[in-house]
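In the two assemblies presented below, subunit A is common to both, partnered first by subunit B and then by subunit C.
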Partner chain A sequence: MPYEPGPDVIEVMRHPAKGPAMSTLRVFGETLRGMKTTLARVAEGPLTIQYPEEKTPVYPRFRGRHKLHKFEDTGLEKCVGCSLCAAACPSDCIRVVAAENTPDNRVSAGERYAAVYEINLSRCIFCGYCEVACPFDAITMGHDYELSDYTRSDLIFTKEMLLAEPLERTPLRTEGE
Partner chain B sequence: MPRPEQTIVKLTIDGREVEAIAGTMLVDAAKQVDVEIPYFCYEPKLGEPVGACRMCLVEIEGIPKLQTSCSTPVREGMVVNTTVDRVLEAQNSVIEFLLVNHPLDCPVCDKGGECPLQDYTFGWGRGKSRVIEPKRHFVKPLALSPLIAIDRERCILCYRCVRFSQEVAEDWQLIFTERGAHTFVGTHDGHPYVAPFSGNIVELCPVGALTSQPYRFRARPWDIEGAGGICTLCPSQCNVEFTVRDDKVVRVLSRENSAVDDGWLCDKGRFAYQAIHVDERITEPLVRGESGELESASWEAALGAARAIAGHRGRGAALVGGQATNEEAYLLGRIVREGLQSHDIDSRLSGTVELGLTRALAAPALQATVADLEFAHTVLVLGTEPVDDSPILDLRIRKGVRRNGVKLAIASARPSTLDPNATLSLRYAPGSEAEFLAGLDAALSGTAASDEFGALATLLKDGGEDVVILWGESLPAQALPTLLSIAGKLGLTDRDGAGLLEVPNGTNARGIREAGALPNAGPGYSEVQAGRNAAEIAAALTAGDVTVLYLFQVDPLRDLPARASWDAALGKAAVVVAHASVLTEGLARHADVVFPAESSAEKEGTIVHPDGRLQRLRAAIKHPGEVRASWQVLVDIAKATGVETGILTAGMAFQQLTKAVPFYAGLTLEAIGGRGLRWPETDAAAEMPAGAAPAPAKVQATEPAPEGKLLLGTYRSIWASTEVEISPALAFTIAEQLVELAPQDAIALGIEHGAAVQVAQNGTRLAGRAAIRTGVPAGTAFLAAGIAENSANALTESIVEVVKA
Partner chain C sequence: MSFPIAAVTYFEPWWIQIIKALIIFLIIFGVLPMLTVYERKLLGRFQHRYGPNRVGPFGLLQPMAEIVKFALKEPFRPTTSMGFLFRAAPALSILTAVGGLALIPWGPVTNIFGTNVGLYGIDVSVGPLYVFALGGISFYGILLGGWASGSKYSFLGGMRAAAQLISYEVSQGLALVGVLITAQTLSLVGIVNAQRGMWYFIPQVVGFLIFMVASFAETNRAPFDLVEADAELVGGYFTEYGGTGFVAYLFAEYVNMIVVSGIATTIFLGGWLLPFGIHPPTWVDPFVVLAKMMIFMTLFIWIRATLPRLRYDQLMSFGWKILLPLATLNLLVTAIIVVH
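Entry: the complex of A and B
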């Protein structure tokens, strides 16, 4: 059965009318319009960022790869292995196994410390809830976003990796940038 | 005292109509209609409420002041409000006061996440404190015992732990020291709180003041899963919840079942879970190699080696240890009877009882339940020490005596820890049980040979009709007809709330017997051609009539009397196949194949409580290492001996069992469920074959020990178990040879308490430490059995000599 458009359906013209002149315009006109924009920007110089030699700067509150922190004065880990971050994490990607500090092996300031602290970054959704949950500001979201790797298991970051400074710092945006 | 009558009263809580049993406290009544009243100190398991924390205040119309709902029973027509401003204000203030000194160190506190104080602070607190003064400080954490850490700063002085120690376990060790804000929990002189039930206070404490040392910092509530199970370390078969993290059991909690354990656990059950994940545990099959040593082997190699038993038809025997499930015992019975065409299987290692008598003692009409211990008029504890043999019954008996006025009588050779609670405690010489019972039987007929018998008979006869006799399996077989006669005279048959309750030596002894692992009974106590019992198997092994021995979770050198003769017998055996989780001495020396045994946290199967309750074991974790399900191994072995069981799952094994045991007919795993099901209460119980009690035999009087020597009695301490030995947390308890002596004898022998002694008999010498105990009858010495070294089972005669080492 042929389709009967109702009275409120309007027909839309989708292309210039047929004919030699309009066909020429159709081929070149739009191209020229695009060229106008391009040529107008030539004077501004290139905007491409030469990643990975050059990195996009991020905002200070950018939520990148996590960092674990130590006290600057004592060098003790701030994390006490309380697992609150693991409880807060919506994608269940933090694993904490706590252990007890002893006088000979004092790792953190509290009674307990995290013997194992792992974040599976291939599951992390970078929501930052872990940072919010931490009662000791031990974990914060860092600025690194270079998180590709060859195997999934390499994306499970251990405590040592999270405590270490990143190999290269991610540049921060300056004010007004 | 018989169970109280129950009347229903109606009241209103927060506008909701409630019907509650009279005597119910308001908090509990409120729970029925989903009104939550916060509380800390109230715990019905501990007995009468004390009203210590004031958290549970509610408004009752007509009473001007707020009332504690934990100690106010419901009354007809009461109108209670729990959410009016006055109550909220009071709750706020209580929380604020509790937090004045509470450190709120939740992130490092082990209770965090499952802490009532956290929850109530969040739900009923103000969120702000007006107190800026410094909090009190204590050294923390302190070891209250090797098992429990105490953080006194966190204590909210709710009295729960102290009440447990004083009113439930009755060890009177925990007290509050100092006064006011300086009050803290401790022991009298700061000694460690070591007691068989100490771990319960960890579960009772509503804050993180008391925490478990082995579980310390292991996991948070959101890291773990709970899995219901049964503790199989003693016949109490307490219901437990395994806390599992990363497929490992990291904690055991009680799973309250008032018909079984009343919500308590002993420290063995609570902490010996560590034995599941230690290196000492056997987790792969072992086969004796060329070198003569046991070496780890593949399952194929081990099963292949074990199949050798099929070549010994008519000459095979099996011993079944108490931790076997019904299904395993049933399969072993089939292997021995059908596969090896032998009749030599035994699980009642203390001696065989005639079939008719076994049936009569297990008759459904004569069985008392665990709860009956609490509501009987009189309880007679006969030849058993509950705290060692079935610890949780000790708490039940104490509860009955303390709260329901149960009259307790104790008749045993060894003094009991329940003696102070007993109306009457009688001692007989070890070995003279039959004589004692004959005396009691005569006294019940009116001819008391002595005042003691007379007093006991009067107590049992005139103290009320509900009498429960808790008797130990170790009573000699010849005493049992007299026991039945006594039960008959007291009218215990067919009486609810009265009867006999056995304390067997093995966890699942009852189920194993019912599944047919007895020399004279098949599944369901059916009649079979009689075979050899444990002692006869040893003799037959030595004589070469039996050449193959299957040891299911039992080591004769550890668990059976006459150690030396077993050592020789095992040495003669051609093939010894064992299932075990620890390589004990006998297995290390004599086993040719050792299959790794499952722990109760890995097993699927059913077991039977001494009162006839079938309970179900469920796998909480997967098998560690190479461990395989034992039923599966047994099915493989059965096949090798020519028995096609057709069993493919643990459930199918149970189905076959219900077909083989007539009085299990109609039982399903679903019906057993998490709480268990007593078969004596089912319709199928009528299928139980009737017993026939032989007439009590004449007994001979036991001779007292000659001058300078002592009569030997044995006991098995609560800690005497291989699981305890390999649990690091329980290392401090490990049972050693404590020779219990009467003070008179100790003086005569010049032995001091704690001194090293030697126990000699026929050239055998055992080293031990003297424990002088008042209450031990003069002329007797009690030695520990079931321990790794210097165990009493090396002695064979009933007279020993104790000398200073």
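Entry: the complex of A and C
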């Protein structure tokens, strides 16, 4: 049975054409073909995303800067200061210091709360293990990716910074994009 | 058939010649930075990009920013370089490039305020020879720059330039001779006037193609830019140049592009003439020439965006084994047709 290439198989000439005249002719034709290809690129228009003005949309599961969460009804923090995230962290960038909740100072829903919760983002590798380890979904990976700063100490995010909503929201990719 | 041959012996008073020189110089210097932006923006479009669009409106002030940047750079040179030649070589490149500008005819002899002024720098009776003479000197600029740098990359670039420019200048010249024996004049204004019936682009299409291919090699543009081959030779002959010396070479390359486009326009595309019997007033003529030159500029950029760089032995064998015989054949056929 003879081999029949499908419609998407392009025939490629593997050897130079015979003689200088024929090869010159072929080079000329191929040049024109190449010029057609590049001109088609002009017609398609640029694909650049003008970064500081436009931002690349991220996927819903994109792992950006962390967020800490509160209960929406009571306003209490979800984090109970169990330090499981710090234990799971492979780059050892989370520091949690727990304290007891008292009746007149109630911060979280559990017995204890995180008095100090710091993530050193200059060490973080954005693996998302903290999110997986957390039993109360108190910490999740957000969508922010603009995390540059002038000093290293500015990249140590405190609990207040992680609880606050990001100032500029990162665009999210819509379904099917 | 007799064509009105330009008055080669006519020369304007000296002050008009100085004014003309200044005007051509200033206009080209105005066009040149725009050309660099045009190239980069168009090259961007060919690659799904925008190109420079940050400095000024639409990125049009990009060359200004770059000139300032280059001018403020520290001028230094390798300890192995030869001081005087290292500085003189870019100047030589610019000098020969700018010299070619004088020859591009922008229009016929016109009466401006009662004085007959030719809309060209100078109409010498040996037009193309003048261009090739300058082209022959211009490669000294590159060769000396490469050699005087005292660096191996520069030296290799300079050597390549010497071999490439010499081998392609032969084909370029032979491609023009076909036109010259048809027009029976060497004056560029005369050649334009001889194209009133039909642009030489049509009867001399083979010569035109040879000339264009050789021009790409002459101006060291892609796909014949092995002289500067950034991937293998860093920058070729200008590897050791920075700041103003680098700008000088870049500048010379663009002026060379303008000159080659101008010569191709004059010789093959009928200069300031328009097809279908359209006769615009004389002040339009320079713009017609400029528009035709822009076609060639766009072609230069388009080819640069399309073709990869040739291998050096391919370049040489193409020049000597294909282009030169083809140019000779074209000349022979033309000569036989003209004589009969």
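Heads up, the rule we're going with is that the second predicted complex is superposed on the first by the 139 of 177 C-alpha atoms of A that agree within 3 Å, B and C clash if a C-alpha of one lies under 4 Å from a C-alpha of the other, contacts with A are read in each partner's own complex, and residues count from 1 in each chain.
Here is the rule we go by: a residue touches a chain if its C-beta (ideal position, glycine included) is under 8 Å from a C-beta of that chain, and two chains touch if they have at least 3 such contacts.
These numbers were taken from a predicted model, which means no experiment stands behind them.
Once chain A of both complexes is superposed, is A:S91 in touch with subunit B (first), subunit C (second), both, or neither?
Neither partner.
Kindly classify A:T158 by the partners it touches after superposition: subunit B alone (first), subunit C alone (second), both, or neither?
The answer is neither, since A:T158 touches no partner chain.
A:R112 contacts which: subunit B (first), subunit C (second), both, neither?
A:R112 contacts subunit B only, not subunit C.
Once the shared chain is lined up, is A:T74 touching subunit B (first), subunit C (second), both, or neither of them?
neither
Classify the contacts of A:E100 with the two partner chains as first (subunit B alone), second (subunit C alone), both, or neither.
first
Applying the touch criterion given at the start, work out whether A:T56 contacts subunit B, subunit C, both or neither, answering first, second, both or neither.
So A:T56 meets neither subunit B nor subunit C here.
First (subunit B), second (subunit C), both or neither: which does A:L39 touch?
second
Residue overlap on subunit A between the subunit B contact set and the subunit C contact set?
In the superposed arrangement, which is not itself an observed complex, subunit A uses no residue for both subunit B and subunit C.
For the complex, which residues does subunit C have touching subunit A?
42, 44-50, 209, 302-303, 305-307, 321-322, 326
Using the touch definition from the top, list the residues of subunit A that touch subunit C in their complex.
Residues 20, 24, 28, 31, 34-35, 37-39, 41-42, 44-48, 50.
Considering the complex alone, what residue numbers of subunit A touch subunit B?
The touching residues are 80-84, 86-87, 96, 98-100, 110-112, 135-136.
Sort out for me which residues of subunit B touch subunit A in the complex.
Those in contact with subunit A are residues 105-108, 112-113, 140-141, 216-220, 222-223.
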